[in-house]
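We call the chains A, B, C and D, going by the order they appear; numbering starts again at 1 in every chain.
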Amino acid sequence: MSLFADLLSTIFDRRAGAAPRLRRDPRALPELVTELLEARSETVAATLARHVLQRYDGMSGEEKLAAFHGLAALNVDAEAVRGALAAYEVEPSGRSYRAFMAAAEPPRAELLRRLNMVPGATERLVRMRADLLRQGRGEPELEALDEDFRHLFKSWFNRGFLVLRPISWESPAHVLEKIIAYEAVHAIQSWDDLRRRLAPPDRRCFAFFHPAMPDEPLIFVEVALTRGVPGSIQALLEEERVPLEERSADTAVFYSISNCQPGLAGISFGNSLIKQVASDLASTLPGLKTFVTLSPIPGLVGWLEEQGVSYDPADGKRMTQLAAHYLLTAKRGDGRPRDPVARFHLGNGALVHAVHAGAIPRRTACGSRAGRWSTTSTIWRRWSNITTALPRAAR
Amino acid sequence: MSLFADLLSTIFDRRAGAAPRLRRDPRALPELVTELLEARSETVAATLARHVLQRYDGMSGEEKLAAFHGLAALNVDAEAVRGALAAYEVEPSGRSYRAFMAAAEPPRAELLRRLNMVPGATERLVRMRADLLRQGRGEPELEALDEDFRHLFKSWFNRGFLVLRPISWESPAHVLEKIIAYEAVHAIQSWDDLRRRLAPPDRRCFAFFHPAMPDEPLIFVEVALTRGVPGSIQALLEEERVPLEERSADTAVFYSISNCQPGLAGISFGNSLIKQVASDLASTLPGLKTFVTLSPIPGLVGWLEEQGVSYDPADGKRMTQLAAHYLLTAKRGDGRPRDPVARFHLGNGALVHAVHAGAIPRRTACGSRAGRWSTTSTIWRRWSNITTALPRAAR
Amino acid sequence: MSLFADLLSTIFDRRAGAAPRLRRDPRALPELVTELLEARSETVAATLARHVLQRYDGMSGEEKLAAFHGLAALNVDAEAVRGALAAYEVEPSGRSYRAFMAAAEPPRAELLRRLNMVPGATERLVRMRADLLRQGRGEPELEALDEDFRHLFKSWFNRGFLVLRPISWESPAHVLEKIIAYEAVHAIQSWDDLRRRLAPPDRRCFAFFHPAMPDEPLIFVEVALTRGVPGSIQALLEEERVPLEERSADTAVFYSISNCQPGLAGISFGNSLIKQVASDLASTLPGLKTFVTLSPIPGLVGWLEEQGVSYDPADGKRMTQLAAHYLLTAKRGDGRPRDPVARFHLGNGALVHAVHAGAIPRRTACGSRAGRWSTTSTIWRRWSNITTALPRAAR
Amino acid sequence: MSLFADLLSTIFDRRAGAAPRLRRDPRALPELVTELLEARSETVAATLARHVLQRYDGMSGEEKLAAFHGLAALNVDAEAVRGALAAYEVEPSGRSYRAFMAAAEPPRAELLRRLNMVPGATERLVRMRADLLRQGRGEPELEALDEDFRHLFKSWFNRGFLVLRPISWESPAHVLEKIIAYEAVHAIQSWDDLRRRLAPPDRRCFAFFHPAMPDEPLIFVEVALTRGVPGSIQALLEEERVPLEERSADTAVFYSISNCQPGLAGISFGNSLIKQVASDLASTLPGLKTFVTLSPIPGLVGWLEEQGVSYDPADGKRMTQLAAHYLLTAKRGDGRPRDPVARFHLGNGALVHAVHAGAIPRRTACGSRAGRWSTTSTIWRRWSNITTALPRAAR
């Protein structure tokens, strides 16, 4: 009954005003995992889950990799799936269906759900997947494990569970420092720079949070309220500018959107965030008539090369025409736009409004962040912008 | 683009200070469902989900039953499962595994997740399952659908996402009136009765909530702080009693625990709730040395009959001995206690402390609730109590 | 240094999770009061203040009366005032002015401020004045003491410190039960009656709170949203009525306003409350065009008697005409309306809109509350209503 | 009725989602002030108060000075005081006492209370007094006005109305930037410096707030949790240090306390703050046994000079002895310690624990702040420290 004793010791510890500590369980990790998967009492399971997570946190990168391979081995049993499926076909019932479901889901999926019983575990599991993506890159045997993470997180981080919160100069500093760290598009240089993006009456920022990770933004978008659609990002971020009174604004520019959690890669929040922010802004500030994004065109240079055209920043006019052509006509095999940013916005009901040459500065500022996520680092090699408009007239 | 227009109209409506309304979409429900399952844009999907939920809410009981049969038909395709499984076996990869997972999960499961994109949908889906359990009782074709609900809710209502909140006389009235309505063990007769259970310094109540349903308790437990273990529930609920000063208490009696959501049947919260409440109380009131429950013994009468003994309330002493014998020795095939309440508490580390004859009054007060959930209605046919103790000494 | 020890013992007690207790100080109350008035250390003063308040709370009505006379004796010293005033006239400076101020304020005023150092003291001082008003009625020597209370409370409960909060069915039960208890105009019969006034979409309630007494409403107003100006209060309070959708309302009827704190008699909150509620409602529900009160006419019957007219409820038409005449033409010596309710509303910019015979039911329901405050009990002897309108057109 | 129209226009403005604006009232300020003092309707008074405050905010320094002289002229009328006092002596009653109180208080005091009816006015009035202290320095005619401000603020900022809040790295950035700005003892160099003082587990910070100025700390104290009493402030503020686990600490060092509001000069919060923080820490962390301050000895150098001793930083030992002698034996005329810091701490029950030579660094860091308040700028010319201990054993 040592686990029960452990559990109760946490009660004692917490009374002393501190986070509970666990005495190290002498058993090996696989043994703990097996016991956790078999535990019928929630209380016992919760204590085992704490042990497993604590063990994981103390591991080196290599040990984690080994643990991931151990997890990957808790795979579906194909024979069992076939058997349960056949039984369900012969006699479909709740019971036979449940048996099939149990067989079709690998034990590691149930394990992840059980680990989440521990307070604060959701954030730790998201970091665990970030470890997996980093440590396990290029190891095909770990891909299925990652799929289980992704599938679980897609369910847990369902839109219905996300909470939209404004981020302002009145937000807690420990959240704001994460905004500084996570801004992936136009790096925030300092707390003064941050204040310039949050405090003026013509600036807004919103983030999605999950209630189980209240200190960790999942994604955030920065918005500038303007009169008319601006031609470049530089004007928006200038240090010495006179802020607009919010009631005079007719346009909301979504000039930067950043994912914060590498461990949530592949789970898309951007569309929902833009939609809800646009909706909230429109209801608070009825003077807003136009909602635009200022976005890079990441696929342009590659496409130009394929066309045998070399990119010439000096020839802004021709580049702009080519960019417009590319955006509107270049398609993937499935008929959707070839450019990923165009796909995101146009697939969501937006229209191409204008193409600006040189509207996003060279990548200097963001150098330090480059390569953090391979999927976004390419964005910074581009030279021009798409302005996608959600014109109110069309509604 | 009518859905997009719909979406934007909601923005407009909300500005007018009201809940958004949807114009009725002329298409039939199955068509909407199909489109929702195929929608690639989150924005479009969210609007379709609102239509589907609104359509459902307007249905009669019969129409709902028909809709459930429609949902049930969105079943797994056994051939596809076998094919995807074989492909994964031949060439295991993230892609082939994902294809297998997609095949092994029926489309209705994904549908439920997509419906949850709508604000407030979680609560509506929980009610939908309550409808299913009521309307669909005895229809075996609907059992698998219910399994999908249960599996999804088990993931969504994972312990890690639940929030413990004290319920007190300072809690919002709209939550308190649900406590009155949901109390399943010792009915609360009036607001005055409720105040007697919440306001005195020697009374506590705690509930689990889910952040997406902040107005709906999932389960709650009522606790009395006492000196010594009380012999009956009546003494605890007396109208005219002098409350104990909380610092004088040495015992916490968990005298009632009630599930609130029929739609969450089969998802167990009780163990976690008792564990965390005991832990919190111990840390706040170090004088508490004993944690007990006062619970009925639902399986006793049936077991007595099997033994050829007829239940005789007049012979308290013998009944008590038989009850103790039953609790400690009668086992199921799997070696665990036969009595469900004993199974719950003893499996969780508790010890039998005492058996009291007549400690829970006859079922009169609870008559109106009888039959609400078949699983608990039997509890009220019993006559005596088990006191299970979580003795601190054992820690 | 026993007071210091006391102080530190409170630290110890609080750690034990309980409200701090004071060991009884053996000195007599006047001695404690004197020491409190002379204490230079805030820490010492705070502990003395706790002793004084605790001593007061344990007193019988007679002892309290004696204590009030003791307080009253801490009066201004006329000679000292004259001396300090003369000194200030001779040599006006900050120092001489401060000396004058100190002389012109009786020590009991400073005492009340020092008592307020104790957490929760504000509410206790308000109750102390309620005791004074009740126990000290008819004792002229206590009137000056009451003036000091009133002057202090006028400063402390300044409009700038009050917080407007909506009261709804989601408000804490311990606040709602005070709403039930304090409703002085149209008694609330039960929690169901309360729910009918708070929960429907066409009902609102707002109260002023002071941050130092967050559980105690100071005054609250009940509002019905209607189409058109209603003719009687009965229609508003009917049990079986179909609520209006809030967006359809064009009129806000302030049908009841109640002061909650007898200890704050003479400090007027009603005007500010109505003004701010009207302002908030107008901004949330732009469809509201008319703001009216349904008020009794307390002075009518007395005035009729003076005119030699006896009140005849059967002759509604004539009574209505006379009431209108009375409201618009009967003045006090200072030229303001003779009727107190008319004075309140008309002085605040309202117009008489209509006079309804029999719009407020006989006093039966409120009988139990009658006489709680002599100033309002007379209201209930009247038979008809004034509807005062704040027409938007006039703005 | 233009004021009433103004009032209602604010309703309209607020609906547009913006702070209300006032059309400029054409009357001169004195006329507005007179009308405000005479207004019988709260609604009218509130609008006039907004006009007066808005007018003030737009003034230059010189105009403000003139306005202060105007305010100062709203003085007590000595003849009226004498008359009312005599009347009260002849026939003491509530009415005659109220008349005396009204006469003894200058109209400007009532004016300040009426200005506070405007939302957010408290903070503006505190700034107004800060203006008065700065602009009016050396003008004796303004001293009495300042006394009225002080007297009013002493009542409004009574201990019973203050709220203690922890300041942490999770506090809102707009409050934290004020902590950076207001730190008067050991300047905070940057946000990183601030994080070092707030985020580690062995650091604490607490501030008093007033509910009517929730964004403005009034005073704050910084605390370090240590093992044993540290010998110097430098060790506490080192950049590269390993934080102590909070449960290992046995000592709480109050190493810096800063007043934030120049407009609240002369209203003392420090004692109450230290007392309550010590109390809260002791109850949260029972391991804490010693509570000390590290304070400068501002009066030492002056006293040495009077003794004919010149201060010699090289001779630490002798300076320390002299300092101890000075602290314990040098008294003012009233028998209390001559050193102001010693007076503060010893008067509050503390004991001198040790004298450290060179424990507070030279004033370089704080240079930029020097002279902000003349009362504290001298602190920085001193060289050594007093450690005052509140030993738990003595309780």
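One rule holds in what follows: a residue touches a chain if its C-beta (ideal position, glycine included) is under 8 Å from a C-beta of that chain, and two chains touch if they have at least 3 such contacts.
Quick caveat, the model's predicted, so the values are computed rather than measured.
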item	value
Whole-Å gap separating chain A and chain C, where each centre is the average of the chain's CA atoms	53
Distance from chain D to chain C - Cα centre to Cα centre, in angstrom	32
Overlap residues in chain B, where contacts from two or more other chains coincide	284, 286
Pairwise touch network: line, ring, star, complete, or other	ring
Inter-chain touch pairs (all)	A-B, A-D, B-C, C-D
Chain C residues touching chain D - in the complex, by the definition given at the top	1, 4-5, 7-12, 14-15, 40-43, 46, 76, 78, 81-82, 85, 88-89, 92-95, 97-98, 100-101, 104-105, 113, 116-119, 121-122, 140-141, 143-144, 146-147, 151-152, 154-156, 158-161, 163, 211-212, 268, 271-272, 275, 278-279, 282-284, 286, 347-349, 392, 394-395
Chain C residues within the chain B interface of the complex	16-18, 169-174, 176, 191, 195, 199, 215, 246-247, 284-285
